[in-house]
Structures are given as C-alpha cells and as structure tokens.
Amino acid sequence: MSEFLEFGAEHLPYILEGLPITLGLWALAMAIGALFGLLLAWARLYGNKLIYGAATAYVEIFRGTPMLVQMLFIYLGLPEIGIVFDPFTAAVIAIGLNTSAYQAEYFRGAIRSIPRGQLQAARAMGMSQFQGLRWIILPQALRRVIPQWSNEAILELKYTSIAYAIGVSELTARAEKVGYETFMFFEVFMLLALIYIVLTGTVAQILQFLEKRTAIPGL
Amino acid sequence: MLLQVENIHKRYGTAEVLKGVSLNVVAGQSKVIMGPSGTGKSTLLRCINHLTPPDQGRVLVEGVEITSANLNKMREKLAFVFQDFNLFTHLRAVDNVAVGPRKIRGMNKVAARDLAMRELERVGMVERAEAYPAELSGGQQQRVSIARALAMEPKVILFDEPTSALDPELTGEVVAVMKQLASDGMTMLVVSHEIGFARQAADEIIFMDGGHILEQGPPEQLFASPQHERTRQFLSRIGEGGAGA
Amino acid sequence: MIVEILITQMPYLLHGVWVALQLLVCLLALGFVLGLSLAILEVYGHWTLRWFGVLFERIFRGIPAIVLLLLFYYGVADFVDISAFTAAVLALGLRSAAYQSQIFRGSILSISHGQMLAARAMGMSKPMAIREIILPQALRLSIGPWTNEFSSEMKATSLAYVIGVVELTRQARYIISSTQGNILAVFAVVAALYFIFNWLGNWGLYRLERKLAVPGFEQGGQG
C-alpha cells in the first residue's frame, strides 16, 4: 500500500498535467454539442422536410456508430481530401459532433414536453415564433433537460479518454507514458482510475448543485 | 378453534394502532369486522398473516402458533384477498389461480389447471379463464383473486375490504360469491363496509374502534341493540344510504 | 479502384465483425448475469449489499471504458498472463454489469408491491416469489432500456482496439496500412457495418419485446 502511495506521489503531478487538456477538450466539446444540438433540435422540430431529413440522418449516424470510428475518420480520413486537423482539434470536433447528436434528442424531448398552451399564450400576446421560443419555451425546456444533460456531460468527460488513441496528451495518454517508463502498469492505471472517479464524482456533485439552484417549483 | 388471535399490539411510529386485540374463529364461521376508518381493521388482518408483523401477541392456526420458521407453511392455510386484487399481471386468469398449487404444492400442470378451472367456475369466471388481468373489470379481477385464494384449499380466508376499490355496480357480483362461500361452510374473516353481507351471511359482527374491539355479537343483536354509543353512531351513519362509512 | 479494394478486403472486415460480435455476446452475458444478480440482491437482500452495489456502480461507471480496458490488460498482465480478448470481456463486461444492474433494479422496483404481497400471502417463499412473479415481469419491462445498453456496448467493442483486439476497427486500420490509403472509404464502410448490425440488434430486440408482451402490461402491476 505504501509503495502505491509513493508511486502516486511521484507520478501524479506528471499525469495531472493532462488535466487541463482533458477539461479543455470536454468544455469545448460540450459547448459545440450544446449549440449545434439546439440547432439540430430546432431542425427536427420545426424544419421543413429537407432540413428535418438532414438533421435526422445526422443524428442517426452519429448515434449509431462508435465515437472512436468517428474520431479516426476525422483525424486520419479527412486529410485524404485535404482537411487536416491536429489531434486536439480533431478530438474536439469528433466529441463535439458526437455529443451534439445526443443533446439534440434531449433538447427536442424537453421542448416537446412543454405544454402547447405556453407557446399559444405567447403568440396570442403578439410574440413571434422565435420570440416565443426564446423567452418562454427555452427557459423552461432548458431547466427540464438538466438531468439528462448532466448525465451526458459526465459521459463525455469519460469519452475524452478516447482522444488518447489519436495522440492527444490528456490524462490517459500521460498515464500510459508513465506506465511504459516504469513498467508498473497496474499501479499507474489504478491511479488513473482513481483520478477519473474523483473527477466524475466532483463534476456530478457540482452539476447536482446547479440543478437544485435553478429549480422552479412545478416545472 | 380454527383461528386464535391473541392480544395483538401494533404501533406505527408513536401511534399505537392496535391496542391488544384478541378474537377467535371456529371452523365454518363467517365474521365481519366493521368500524370507522383508521381503527386498524386492515392492520389487524395483515398482522394475522404476518404481512405486517405484530409488535406483540400471537396467532394460532389449528392450535399451532405462527412463527418465522413456519411462516410460509402457515400462510398456505390462510388465504388473503386484497382490496386492490393484486393479481399477477403477467399471468392469465387460469394461471393466476393455478400458480399456487403448481409451484407451492407441487401439483402437475394438468391437475393444477383442472383445479383452477373448477375454482373459476365456482366464482363464475370460467369463460374468461384465458384473459389477462388487464383485460378484466375490477369485479372480475376480484372474483379471480377469490378463486386464486380458494385454489390453495385454505382453512380460513381473510378478506381485506374486498369491495372498497370497486365501482358500486360491480360490488354485487363479488358479494354474491362471498355469500355463497359462507353458506358452503368456508371459514371467513372479513373487513368490510358491506352491510348486506354482514346482515345476511355473517355469524358474528366485530365492531372495532380506536384500536380495540368495542363489542361483538350476532348481526341481529348488534344492529338492533348496540351496547356502545360509538357503535350506535357508526351504524346509524352507515345505515343511511347503504354501505360505505 | 476503391471498390476493388473494398471487395478484396471485405473478408477481413467481416472477420473483424465476427470478433466484435463474439466480444459483444460475452460481455453482455457477463453483464447480464452479474447485473441481474446485483439488482436482485440490492432490492431484496441485506442493506450492506445495497452499499456494495452502489459502490460497484460508482466505480465502474466513473471510470472510462478505455481506462478499464488498459487496467485489465496491461495492469493485470503485471501479475498473470491474460489475452486481450479476455481482458476486454472482463473490463467491458463488469462495466456493463453496473449499467445493467441499474436497469433491472428500476424494473423490479416499478412492479407494484402488491404483487409481492399476494405471492407471500399465498405461502410462497421470497425466492420463489422473486423467481415466479417478479422476474418474469421485470425482465419484460427491461427490454426497452436494455436495447439502449445493447447499442452502447456494440459501439464500445470498438474501444478494444486500443488493447490490440483485432475487432472491426483494428481490422480497418490494418487494411488502411496495407493498402496505402482509401482511408475515408474504409472508415465509411466500417461505420456502415456498425450501423447495420446495431440496427439489426435493435430490430431483433424490438421483435422480442412484442412477442413477449402481455396485454395491458404498461408499468408494472395492475390493481
């Protein structure tokens, strides 16, 4: 046990240098996911046949295929047609596009769950469709989506580890490096596992706290 | 003495719901327990078959005390009919009735099914034997649940407000089955507001209030000349407009 | 040219699919047995088992799949020889057990308590009541959420790539290296294969759900 603690003390700093990368990857991907996801939700709720079709195809494809394959496609495949990204950017894009497909469905569900009467009342008083959505529907829908969104956020945080496969120097990649240098693979991956447990646990607590803070009775 | 209930105490939190209740039922008797809501009538019934273990007191069936060791075996002798029927939703009516004999008694498939059909016939549900609970009305479900109880060939059947969850038009069919059972000699302990059944089929009415048995006696005696003021109040209240307190 | 290459390489890709499917079946089976047992113990067992279950879930859901794979392959190899495939089955299987136990627990809990009461009142022992009354209903209710888990694990098999299991994604890599290019085409085909098998699995489970459905059987027990 004490050797494990020694091991941890010695190598933890190096591994944790990957934390900002992991978190940066996560934050950017979630941001892309949220913005693009909202757009996709709108397309699937209010878009014409063509827009709806395209958005649906996108959602089906990104949810029906593995994230690793999507990431390899973007990082290794796109250069074939001249689009080159560095590993970090490729990872951000891949994770971002992937989560946007899931978030689109959560947003769509939440918006649909708001009673029709709300939008009707908004239109009746003279608001446009857009204003109605912006000021009346979205604030309610966004609160309703928080539990699923939080779930998704935690999931994506774990998925950042996939970026290791294309060479991004985040937490997992660094741990592996330490492993190859010390050949103490068991210890280093246990350490990594602990780091992730603490990380996801903390983020989960924060999100739960935020959920309570923004709750509205009856919503 | 088929069923002996001795000195049952039960408390929930700080409230003592049953304050030392005792009663006896002889083979072939039908007894109806009545009283205002919340006096612990249903709790008493559930204490008898230990669905809710009593804090104090004991229950004897055919002279044998119910303990945690013989609980399952004893429950085979004490059938229970619930207010909410509680039929097994994934089984057809006939299978609901047959599952006890098959799985607990070890009967083979054919014999169990025959038994089930006989019991369903007894309660008038044989044409709907293949239906699922969700496809049956409340009254029909309750009759199937009585058949399910009968299939285990119990010594006593405990009825916990069997008609309270039913629409008024449907109570009749269930009460009719219960009356038939009583006249066939089944030993029954019933918690109910159904005056009709109490008056016509019960050997004795037990009136409970505030966690005690206040008085008990044959229906004619209790209805005609109740001893306690509370009993009088309760009876007059439900006497108007029929069943339901 | 591309089409030619795809045709000649298809057998390798299909072998990758075969390995992925084997991995999927093994890990889902492990997850099912362990997850169901855990769920039953958590709902009906001693409270200490509840805590164990919560701990188990916390751990296996808080660690990324890739890290579990690395831990079980490289980490365990420090002590005992283990094949990449076995490591993948264990890592992904235990993780799946954590997710599946949640699904089953939810289904078991959604069945009205009255069903259990009726079974016990009849004289059924607890184990018998669980086996004959609760589980048949709980398993039916679980098919929907379990379909999601199926899809999730199907995609997770691609991660076994990082520990060298030669499933579909790794096959794709080999093909790209050996044929010098056609990266987009190969990955597109690979994505399509995952998509198709995922769709087939979903369809199969949907049919199963329909076949086992009992009329009026929405959320757990009736009256």
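Lettered A, B and C in written order, each chain numbered from 1.
FYI, a contact is a pair of C-beta atoms (placed from the backbone, for glycine too) under 8 Å apart; a residue touches a chain by one contact, two chains touch by 3 or more.
Predicted model only: the values in this text are computed from it and were never measured.
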Chain whose Cα centroid lies nearest the overall Cα centroid: C
Relative to chain B, chain with the most remote C-alpha centre: A
Distance from chain C to chain B - Cα centre to Cα centre, in angstrom: 46
Intercentroid distance (Cα basis), chain B paired with chain A, Å: 57
CA centroid of chain A to CA centroid of chain C, Å: 22
Chain A residues touching chain C - in the complex, by the definition given at the top: 60-61, 64-70, 72-73, 76-81, 158-162, 164-165, 172, 175-176, 179, 183-186, 189-190, 192-193, 196-197, 200-201
Chain C residues within the chain A interface of the complex: 58-59, 62-68, 70-71, 74-79, 151, 155-159, 161-162, 169, 172-173, 176, 181, 183-184, 187-188, 190-191, 194-195, 198-199
Parts of chain B lying in touch with chain C, wherever the complex brings them together: 49, 51, 72-76, 78-80, 82, 84-90, 99-100, 103-104, 132-135, 138, 141, 145, 148-149, 152, 165
Contacting residues of chain C [partner chain B, same complex]: 112, 114-115, 117-125, 128, 132-133, 136-137, 140, 214-217, 220-223
